[in-house]
Amino acid sequence: RQRFFDEAAERIDRPGIATGMAWTSVGGEIMFIEAATMPGKEERLILTGQLGDVMKESAIAALSYVRSNSTALGLPKNVFEGQNVHIHVPAGAIPKDGPSAGVTMVTVLVSLASGRKVRSDLAMTGEITLRGKVMPIGGVKEKVLAAYRSGIRSVILPAKNEAEFMEDIPNELREQMHFTFVSDIRQVLDIALVPEGEHDEKIAANGDGRHRKRKGEKAVAKA
Amino acid sequence: RQRFFDEAAERIDRPGIATGMAWTSVGGEIMFIEAATMPGKEERLILTGQLGDVMKESAIAALSYVRSNSTALGLPKNVFEGQNVHIHVPAGAIPKDGPSAGVTMVTVLVSLASGRKVRSDLAMTGEITLRGKVMPIGGVKEKVLAAYRSGIRSVILPAKNEAEFMEDIPNELREQMHFTFVSDIRQVLDIALVPEGEHDEKIAANGDGRHRKRKGEKAVAKA
Amino acid sequence: RQRFFDEAAERIDRPGIATGMAWTSVGGEIMFIEAATMPGKEERLILTGQLGDVMKESAIAALSYVRSNSTALGLPKNVFEGQNVHIHVPAGAIPKDGPSAGVTMVTVLVSLASGRKVRSDLAMTGEITLRGKVMPIGGVKEKVLAAYRSGIRSVILPAKNEAEFMEDIPNELREQMHFTFVSDIRQVLDIALVPEGEHDEKIAANGDGRHRKRKGEKAVAKA
Amino acid sequence: RQRFFDEAAERIDRPGIATGMAWTSVGGEIMFIEAATMPGKEERLILTGQLGDVMKESAIAALSYVRSNSTALGLPKNVFEGQNVHIHVPAGAIPKDGPSAGVTMVTVLVSLASGRKVRSDLAMTGEITLRGKVMPIGGVKEKVLAAYRSGIRSVILPAKNEAEFMEDIPNELREQMHFTFVSDIRQVLDIALVPEGEHDEKIAANGDGRHRKRKGEKAVAKA
Amino acid sequence: RQRFFDEAAERIDRPGIATGMAWTSVGGEIMFIEAATMPGKEERLILTGQLGDVMKESAIAALSYVRSNSTALGLPKNVFEGQNVHIHVPAGAIPKDGPSAGVTMVTVLVSLASGRKVRSDLAMTGEITLRGKVMPIGGVKEKVLAAYRSGIRSVILPAKNEAEFMEDIPNELREQMHFTFVSDIRQVLDIALVPEGEHDEKIAANGDGRHRKRKGEKAVAKA
Amino acid sequence: RQRFFDEAAERIDRPGIATGMAWTSVGGEIMFIEAATMPGKEERLILTGQLGDVMKESAIAALSYVRSNSTALGLPKNVFEGQNVHIHVPAGAIPKDGPSAGVTMVTVLVSLASGRKVRSDLAMTGEITLRGKVMPIGGVKEKVLAAYRSGIRSVILPAKNEAEFMEDIPNELREQMHFTFVSDIRQVLDIALVPEGEHDEKIAANGDGRHRKRKGEKAVAKA
């Protein structure tokens, strides 16, 4: 369990990286999603990590969301202008697909553009629309279990998956983990981005699911 | 029934999004169609949402219609100049195809360019030509039923589908819903775009099909 | 019969649209061919309508003919400079192919560039070369019959199809319709383009094949 | 026999068109090859006529030969600068392939750039290298017979096909036609291009193979 | 054994080349990886050597890592600006794939940009992330054996492969070779790049695994 | 035998063409490799002659070698700037592949850029790396025999093929031909390029293998 936190803390050590949950050939998996920029007149979006068509389109939509809502997000109006944006999802040889990395992709892009790190103690999943709405995803149970096995205790899920969640996720997991259900990417950003100049808090969720609330979080009702 | 209105009202909360009806692998479906712009020297049209060839061409034609008729539409002459235009159709993992989202695509583009929101209480379907004519589409019955099941009570259909409509749509549906038949995209825009500065009226169609008439609407003759 | 004239008159209501005859999966068909321009630094030719390889090349050749002969055609030397040109052939979901829409494509491009409308009461077919010669096409009989069924009574055909025409087209059709055989696109333009400032004459061919002659027309010898 | 001369004389009526011999799905065929230019910042080479890979590369090599040897050919140093060059081979629906249209492609490009027409009474065939050498081609007999059947009596062939020619072409054909064997494209241009300001001579080869000699021509030794 | 050193010393004679370990159709192999730059407005990344999709993405990520971390790496801020970067992996006819050449690709790019040669006496393997973390790779044993057979005695491996290494690599190999385990590309660069102005030391690892330690190296614990 | 010398002397009559040895569908073959340049803002590398993937990459690497080592090669620093470079390998309809034309491609590019012709009496083969090393190639025997049959008596081979050469090439061939083994492209250029202003010497190798030595040549030890 400590393993993941060590790795996440080590890897999520600067803006532009976060822990997402998506599909690989072996089912729901947690994965780091990385973004970087470099000067580029063509302003290309470079996508690597053996991403399938749907996941690539997710990344394209994530970038468009950030660029077309830059000022509302507190970013420069022409964010990423004159830049190539590269989104990479290790491990590079494992095919990945599906739309559920969308919210994580928006998060790493805003993190990179704002210089604010992402909290290293949580994982997130959710399809993103061009307007920033968080859409339900498949495989909630598999993804939550993958997160649990990796030692993650804080997870952001789409509000539209809450009903399915209530049916599928066993009580003991709900007690040991902390879940936030969101319908808009703004809620994700409020929770996930460490305030500028502030250190990543690295608060491990404790066994009883209690957790310092942040603005926009909604505690999971225990069934 | 109320479910859709809640979602539509929540999602169609700014210019550049509307409710369309098109084909997915499971038949006629209602779907949100979103557009966004961002600075882009190449003026690319970015299309995401697992759109098939025909639906992509629909989007290309929709953008050409708007760009080549900009002044007649009350838009700036060089509308979308220096901009990338992104049209996205959630859900991102579901393949969609066919030409019937054409009118919705024109509508969201004009909405985005004019800053006028689209009415959130109606759905529309119809192929678009490069001159703005609304062409008949397939699966009228399936699309109308999908709209009905989603709680939608106002639907814009191609005038050329009216005869088929009279045969295929049961009386009880015609009584509970309100239908407008159009032959030109201008009629759609007159009905669907909320006047600038005006709030979306969110008028639910009532059970008897009566509805405040707007310019260009034509009531369905009851058989 | 009147149906088509109503539709043609309604749709061919401005420069850049004409009635062509080409191939779809169900044989020779009449179809509207539309062109529009919009600002575009790359000067792209955008082709939509599920056009096959041969039909796409036809459009490419049609545009090259117009651009490389612009002054001879009375158009600005750098016609379409700084413009994207879009040619669309509804209906958008029906695959179409073959070279026989070439003359119609040249006609809509010259119509668009000159601001002269195309006569709405005639259909035309013929392959185009880069030098503007009109080449014979296949399926003369099927195309003529499709035009007849649509109510069209004036048809432009390649001169090189005249012999085949004499064999294949029954006398009663030849008596009811009016045919012009051409070998150069200039002849087509002389016949098809309404003089600037003049209204489309919408002269329905009468049953006995008599018709006001225009320069360049050659009456069909009755066998 | 007169048919072709009529058509060739009619079609080869300005610079940028010539009669070539290449392969289609039905064997060696004579075909017109057309070139046109139009303004184009990207200086694209546009190729239409359902050309196969090898024939497309032939056209690419032909253009490179002309552009890299422009001054030696008496053309402006930056010939075709700022121009799109379009090479089209009617009929547009018939697949064509093979390298043997190379010399004709160089000829039409030089014709177009120099404003000198190509003689309409001859056909030519031969692969071209980047240095202007004329390489042997396949199907000499089939191509010569196709030319003969079309009424052509003057043919330019690669010198490297002369031995094969002597074996394969029957005496009566050799007596009725006039053949020139060339090893360098300069020889082709000397023969095929009508001097500036001079009218196309349209000299039909007479039955005994005698013909006004031009510089660079080599009479075929009768076996 | 001496063979490789001769060749490596001969070939790794200037900045921009290093010895990597990756996959070919016959398993783990050592291979030289070369980089070169040349002026190029489009700033293309040119990849040759029959590289598979995953290996190409590795190279793309390697370049993005270097460009987005240029100043931290002591390189000019706009490193490779206005340059095409070419990465080639001989032999050119052998298909290669997998992510394990990532660290070598970063190393040759930094070597090229800094003008510092890579030590010719070591081979390295490891997947690279966009943040410079070194990820575990497959086929550790096969790659180490391939290096051994080539006469290489110094190898850099991912720290995350250390456990597997301890199980799979026989004692006699561990005694005869020197291994460094790294988790960040910075450690690789510290070890592999010869200080500016300094000659490549070409120190052959001796049989007992002892070796002059450099900063950042970690001796392998003998089991 | 004289045949090839006549053709080679005739064709290798200016800079930018040389005799290479590579693979076609019928085995090892000698072939002319041609290069030409023309103005081109995009600085494209145009490759024709039905080249396979590996041979295309060879050409890409050859151009990168020349461009990234231009000053060391005595060429202008920005050689080929603002130029399209075209490499063509006749005959245009025969598929060719493999990396063994690499050294010839570098040679024709340097020949073209320097204005120095290539010796017309020799053929060469060898894979090229991005650093100019000459790598071994397959089919030495087949290629040497093809050269012999064409009348060529001077051949440049990779030094790494020397051992295989000693086993495979019969004594009588070694006595009648002259072989040079090279490990770096600089050796090839020293031998193959005719000094500026000097005429191609066209020295036929004599039957006993004696030959005027040039700098960098190494006589083949007779077994």
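For reference, chains read A, B, C, D, E and F in written order, and residue numbers begin at 1 within each chain.
Just so it is clear, a residue touches a chain if its C-beta (ideal position, glycine included) is under 8 Å from a C-beta of that chain, and two chains touch if they have at least 3 such contacts.
Predicted model, so just to flag it, every value in this text is computed and none were measured.
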Most remote chain, CA-based centroid, reference being chain C: E
Self-contact between copies chain A and chain B, residue sets same or different by half: different
Whole-Å gap between the CA centroids of chain D and chain F: 32
Between chain B and chain D, centroid-to-centroid distance (C-alpha), Å: 55
Where chain A and chain D are represented by their mean Cα positions, the distance between them in whole Å: 64
Touching two or more other chains - residues of chain A: 42
Cyclic ordering of chains (reference chain A, direction chain E): A, E, F, D, C, B
Residues of chain D touching chain F in the complex: 42-43, 53-54, 57-58, 60-61, 64-65, 67-68, 78, 81, 98-99, 102, 127, 129-131, 133, 135, 183
Of all residues in chain E, those that touch chain F in their complex: 10-11, 13-14, 16-17, 32, 34-42, 46, 48-50, 84, 86, 88, 90-93
